[in-house]
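Chains here go by letter, A, B and C, matching the order in which they are written, and residues are numbered from 1 within each.
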């Protein structure tokens, strides 16, 4: 029994680990070429996140949306559908939560908070549902629809942020603040770290349980690994696949809602440093395993924040991480033999 | 001394795929200018033989002599260059391109060295069409053509580049009856123009209608070659039927009392988009405790029949009832809850998810019924125990509950599928090609389980292209041909001859 | 609208549509080879950066143009290598190329030029434009073309060039076959992998021109992420045009028109964002409609009513 388990584990981890190592190594070479303090630079990149409680809080905050989006991607991939709409769903969730929070601010926080979050989840869910239905009923390529919806959604939120819900007293395309009464509490002992992170961790565990310890999850995975088999054993495959897209969109929407309520406290047009795509990469890097995705999200959050510290301490530009992220995606996908998608 | 009359000669051809022997020994002689038919059941080795000639596989033994010279055929392009024109069952045509463009794909005629010379290609295509009297428009897009017309384009492709021998692989499988007649005319026309044609089919009428000589292939061996005019349909049918010796089988001479009909089909019709009848007015019943075997060569509607009964493909007319209840509009899952067990014909395609574990595969429809859930969640402990019990009960080798199903051998995979379905003790067991690709031991095991179910009072519908299996297990035997259920015979009145004939479209007269 | 206003509108449409047109054609060539090329955006960005960098450095507009195109082609071949040789997924690799382009150009800005805000060389050579007054004998259209850069002309020429390539050359026919029915292409002896790599290379060429046009014509500077989704508008245009050159060109000019219109609509209080959404909505609707038709056509035939 152990033999099979360890063999599968090694197979699963080998590729992603190699990609990470290769990228970090290449990055180190690059850094060494740029600065005469490469070791310090890398130390800042990787470990400055743990230097202080404040840094640590920011690190956890960064990991929250990444984890949630990655979990959403995992649901859809496990059902055999390639959802790249995380960014749009994230934005839809963020703006919906903001609008509810700002415009219904008269309500008691006991009602307002869940309503805000629900608005975010539903907004994201709908953006997941549309491509799902089109794919299942009409075989419309979900990559195209989710990509297009991303851009449409970002344009829509830009419109809202620049006009309707704009806070005239502030600079830039930002909305008014949501009422403080519904700001998410911070994690005990770690001020500034949003409890949204706890939610993300719990949902990661919940995702694992649902996928691997429920009949519903087994049916979903059956549809994703062999659709014709799933049909033959009576799995309502279409329903499962569409449900997975609801969930995928909903989780990304939740990420947006939790960001607004827990971190930014209002909607900002460019608040996301490509969380959608990076979250997707985290999921793929973790071989679409929920707990693994939590780990890769933490890794990425570490890198993303670390880049800023690196720039402060040494003269290495923070955009190195952007460059490395691109390389990592490429290396990782090149090694990914059994991708869950056919061209 | 080479006989100038003989264009193509195969001697001692053998081919194995791993452990499976596809061709044991094939000897074949094709004379110049004749229409020669290769006749045999599925699994007899016809496709493998054709693929060797087309350059897709290389033979493990034997020689191929073309025009007196020994040749090797390493790939399809080489085959084409040697003058072997292959017309596959699945057409290699680009739908949006015209007939002319498809003909010249990869070898376009050029003007000024860089542009396609459309005029020249169209003209040359028209020449060829008229030469063979094919009635095609060179400028028509392939997607606008009917299946029969597309086939003629494929044939034209093979002829266009001076094929000395034209090979047609089951050409009538996809044609409607009037199109079949047209094709027979085309072949006749080609023969009159001196072309040599090798034709693969299992349909006796076609053999008689168009060939000069026929070679029967059975279980990887060439059995006999006859002049078509010398041999009857019955003779050919007898030669074609394989004979594995199955030791276990339905005990004969035991008086059986069958119960009520568990499955009833009435007037079932299934069409494809082009209007071809895949299932043509099917009516039959399966009684509790009996094994009804549906014989027939692959591709005559068996897949459609089983998928219609399982609920995977919709029907356009007729009703299907299970235990008296009309399930025509009922989904797959509900049919299974109502007592249907389905063992699909292709375990890799429909039967299992090779990525998921053995345990998850065998539990797939059984979570609730077998109490694998605890508090709404799947209990790993119960799942492992359940899977372990099934593995032991069905002697699935090389499997532990967490082994990925894809790591098992074919026979053990099949046992897994059967274990899953039998666990529910279904009232109707629909079993398709249950021993395909299995060794004798595994096959015997599977048969014993099927018979045990029937002995317990369950209804079994066995769909198989393996005639010996049908004969060993069935109480009654039905034959599918071209989407129609030809006749249902009692086992006692069925013989290899009459069933073989029915399978190949002949012998409609009452026994 | 006066003739002058119409001319000005056309002028602006032509100039603005060209990057979209070229991106659309780039996406189209790969689409015909059955590849959804999401990396057009990234290749365009890299070309834009290279054009400004080289132009500012050498003062030669031709060198800048050449290097921009080469840079885009190099990116395209990286994509081809990863996907065709190393089996990477086209979508993920394409998105990765975009990330690499975005991050890489930003990195270059920060490291080599120390100007994360953008690259504005003090002196930048001008690309060749149609001289003023040269075409004034053609009413309305003539003046609209005056002052357009060389690349705009190349873009318009690219439309019939793509048509001729795809439908009149053997390579083009083989490419279409490889994309539409791989099995038939292989049976005909066509090297499918080569065709796909070629299509990716051509799309690199066209994206390179698009990027060069974006940065070099009038603007003379590079901003991070200045492509702002034009690559995706191009992709939307080709999806809407079902991969056919003239339809694709029409769609991209239409989308470019809406883009130009978007700015002017501000004056009428119509949100420009909604106009900008149109290409993407059109693509989704177009695809859905196409699939719906196929769905209708492939339904099993009804059983004919028997005479009583």
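The criterion applied here is as follows: a residue touches a chain if its C-beta (ideal position, glycine included) is under 8 Å from a C-beta of that chain, and two chains touch if they have at least 3 such contacts.
What you see is a predicted model; the values in this text were computed from it and never measured.
Each of B-C and A-C has its own count of C-beta contacts, and the greater count is at A-C. Among the other chains, the CA centroid farthest from that of subunit A is the one of B.
Chain geometry summary: the mean Cα position of subunit B and that of subunit C are 47 Å apart. Centre-to-centre separation between subunit A and subunit C, using Cα means, comes to 29 Å. Contact with two or more other chains is made by no residue of subunit C.
On subunit C, the positions that touch subunit A within their shared complex are 34-36, 38, 78, 82, 86-93, 95-104, 106-107, 109-111, 116, 229, 232, 235-236, 239, 271, 273-274, 276-277, 280-281, 283-284, 287-288, 291-292, 294-295.
Considering their complex, residues 34, 82, 84, 134, 137-141, 143-145, 147-149, 151-152, 155-156, 158-159, 163, 274, 277, 280-281, 284, 317-327, 329-330, 333-337, 339, 341, 343 of subunit A touch subunit C. Residues 164, 168-170, 173-174, 176-177, 180-181, 183-185, 187-190, 297-303 of subunit C are the ones touching subunit B in the complex. Against subunit B, in their complex, subunit A makes its touches with residues 1, 4-5, 8, 209, 213-215, 218, 221-222, 225-226, 228-236. Residues of subunit B touching subunit A in their complex: 310, 312, 331-337, 342, 344, 349-356, 360, 363-365, 367-368, 373, 376-378, 380, 400, 402-404, 420.
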